[in-house]
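Okay, handing you the structure first.
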């Protein structure tokens, strides 16, 4: 069992939850998908996030997905999303998944929070609930949560709670926030890991601003793996070349709400999962959208071919 | 076991969830509180609502509270709040509580809904998830959910789903909505029961506009019982006299966020529960607020004395 | 010309803007209404607020209303609402009305603000725009603006800008905020005046928590005048008696959106303005609502009669 | 003078408002920028939009900008943004700019609207206010306004008001909405023009879904001109090649809040305006951001070179 910490780097893929066409949990595909992610170079996984259709799973199913994923990960770190309206549910699921060997839990703020004080107080309650020994990822995703957390407020939270070891960064715009956080660390604040989301659409700039890697669900994890590696090697032009080749599809996948459908479609097409089925309420791809995605994939392959 | 239906009338008290001072579920107080509500004249209860600190309960505790309440209610109808971000959790809890003898379940819309279509589609999914044989209360509380549902949209939902038998009405302003709904029924739309919330602060007008009763948690349920009874007897002046005597405290109790603390304080003071303790995150009454509430109770008693 | 300052006390009535039945500005009624407010004991007025249908006025009409009101006020202080999406409009209207003799301007935060930093920065921009010599009222009305400002953030703003001399307090719940602000002043922060809004529904508690008076538009300004005077004399029971007599109507008038219609109806009924007409988009009272209001007024008169 | 209508096609560039370094309106740059846009192939312009810093202009300045732009446009159509919290301001500015020769006005919904009924009623009020002879562009930009308008509700509005001739389409995701609108037209609903915004990041798909062109402020208008032209010629692969070359910068420019700074920086760099200065509250580019933009421009030039 490995835990994430404030120095964690690399690519954590946000995993989807595979279902069969009639809506059952597809345990076989969980395994296949996990293999797929690691074969493409992922350093770890994040499950039961917003993209994981977590609210559509019963508690028992959430535990099942975690068990299957952890088993197949063979010691690689798996972060589990435990966001919920109430602290009781957060505490319950955290206890269960940490006991099973999760590497940490991820918590996004509930959308009712407004003032800095409310946000700071919320994460104090979370840490008290899950216990200070559990590594926590703070998910900062205002587009989805409606909660805006300034770099200064993040700093107050990080100072107060050493167990919050990682920021899942997906503010938009958010580049300056990375710069601000790293500058505060340069002046003495303790370090946190920063992995970036937002479908990866700013990954090259984010890495150069000081991010430690990516945590997002783009269906071509090799893009993140290559971009992060090239950036770490200082090969920014090459990283941008790879990035640009994938950008048209990333952009398409980033569409709120639709993104999950695109990812599941692509993952099924790539053989990583058996079916692109979502549970109700589902937003499947229309026939026109499927054609658009197929076209983007075809062009992407062509362009990647020109890179090598 | 009794189920609510579209003709249900009377007073359903929104029950709090009693805790001991160290945060445990206080099962003994659940029983005492249930007795208290029925002694004051309640026709039924609603548990695990927003006022019931439901998000602070584990799934097992939610089941416990339901079992204790149902047992003590001896056949009186108990509605259970099952609102959750995901349909899976709604379905799971609904199945459990209906099997135990609940009279129906209450579902508020998630705050992400915006257009009429999204709202209509959400309740279709809810009915498909819980099953068309389960009576559903639609909670219309825009101040808390952020979701505005027009009378017309409510009508579309009611027409489509006969199992949605009741509206928990707490739009604000909401008087015209009651009038509009009853007028649509007069023109042929099927009837739904309308029980009113909002701490009761418009109960006299609501009854005269066509409501069937109250569903709220004011810590003096006898106010609701008396006002509903007097209105049903056509004694509107007497109803308003009773209402006015309680209004200063109702107004104080209606404060968002603080209301729960006031209710638990008053219920403990009246001996209905052992402790006013809330689970974290708690917002207890300050010493000044306690003095304000005590003053209001004292004046209320004096004024009620003058009525008789 | 008198300016408001950080010691200003008393009752500033939020004035409506009277229109004729065909939608024109009713200058004659402006004068009559101003007289009415002062006859009832108002210490000052606030015009062009949210209740003043300000967004329905052209710039020229806003200036006209201000001129007419100032002229008739004969030196009594008149605060002018200048909230607008852009600083240019705020600066323009402020310049115009201060040149004409306004006592200060009132600015609510635009609904796009979220973090404490954004709010603090907004009021810095406002003060720079209107000039540090212009007294500013900060309107804190989260129910309407969606912007939540903590007591701490208010303190930062007050410290930074001595020209922000007054808080129009209408947070809900907001009693603790008054206590917090006064405690911070007791520890050395400079004083600001606090006048309370929210239709007056917490005025007795607010006065005892340390407020300086009322700034709201309840159509019976004599309630605010009497309650504020009795509280200042330490006669809290008597103040509460007066308050309770008016509370049923206050409660009705506080309904968001409907409040303006109720106020204009009552003001017209009392002879303060010629017509209850609103400009488009208008939300007039239905016939049922008129009956409800009439009933409340009748009962209110009866109960006031019993007080003396 | 030319008016827009329901068949209008092509590229309308959203123009910025140029200021001098000390904050004055830079009339000379207005002219230069207008020339620049037409030289790059724009069919028309849209001024005083969200990107035009309209709320930072006094009414007189808004009129000035319109006059200067119209004069220099020599008969090409200029749409003017007139969104405002109140109908009076909308009516006033519309009258002024239509008298001067504007081609139409653009109105976004105020962020307070929620239900379909409220949205439909709002546009009825707008049309009544500006007059049914004035061509109106409905701006559908939920990310910024918070108002979600379904395709069905748009249809109701278009049916009711023939003077609403154009949709500025920037819902996200929004491709299906274009398809839905065009399908409803195929079934008999009257046609409206659809020009797309969102910085152009879905322009190729939008054109193939049935859009008539673009209305956005990307600082390389030649991208929109070329993509729209190539799509109209059925050369979708070539259109996508051009699009892909610009996409990395488009993506960067699309960042909410930052976009204006990027555009002004690029326009100044290209010589279209003298200064990138914004009026307060300004969000200028940091030095790091400037380097990122310069890098993107350099790569963009290289890639465009490879296309020809």
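By letter and in written order, the chains are A, B, C and D; residue numbering begins at 1 in each of them.
In this section, a contact is a pair of C-beta atoms (placed from the backbone, for glycine too) under 8 Å apart; a residue touches a chain by one contact, two chains touch by 3 or more.
Here the structure is a predicted model, which means the values were calculated and not measured.
The chains that touch chain A as well as chain C are B, D. In this structure chain A contacts its sequence twin chain D using mostly the same residue numbers, the overlap exceeding half. If you average the Cα atoms of chain C and of chain D, the two centres end up 38 Å apart.
With centres taken as mean Cα positions, chain C sits 33 Å from chain B.
Not a single residue in chain A touches at least two other chains. Residue ranges of chain B in contact with chain D, taken from their complex: 114-118, 147-150, 152-153. Within the complex formed with chain C, the residues of chain D that make contact are 54-59, 61, 84-89, 91-92, 111, 121-122, 125, 128-129, 279-281.
Within the complex formed with chain D, the chain A residues making contact are 172-173, 175-176, 179, 201-202, 205, 209, 240, 243-244, 247-248, 251-252, 255-258, 286, 288-289, 292, 299, 303.
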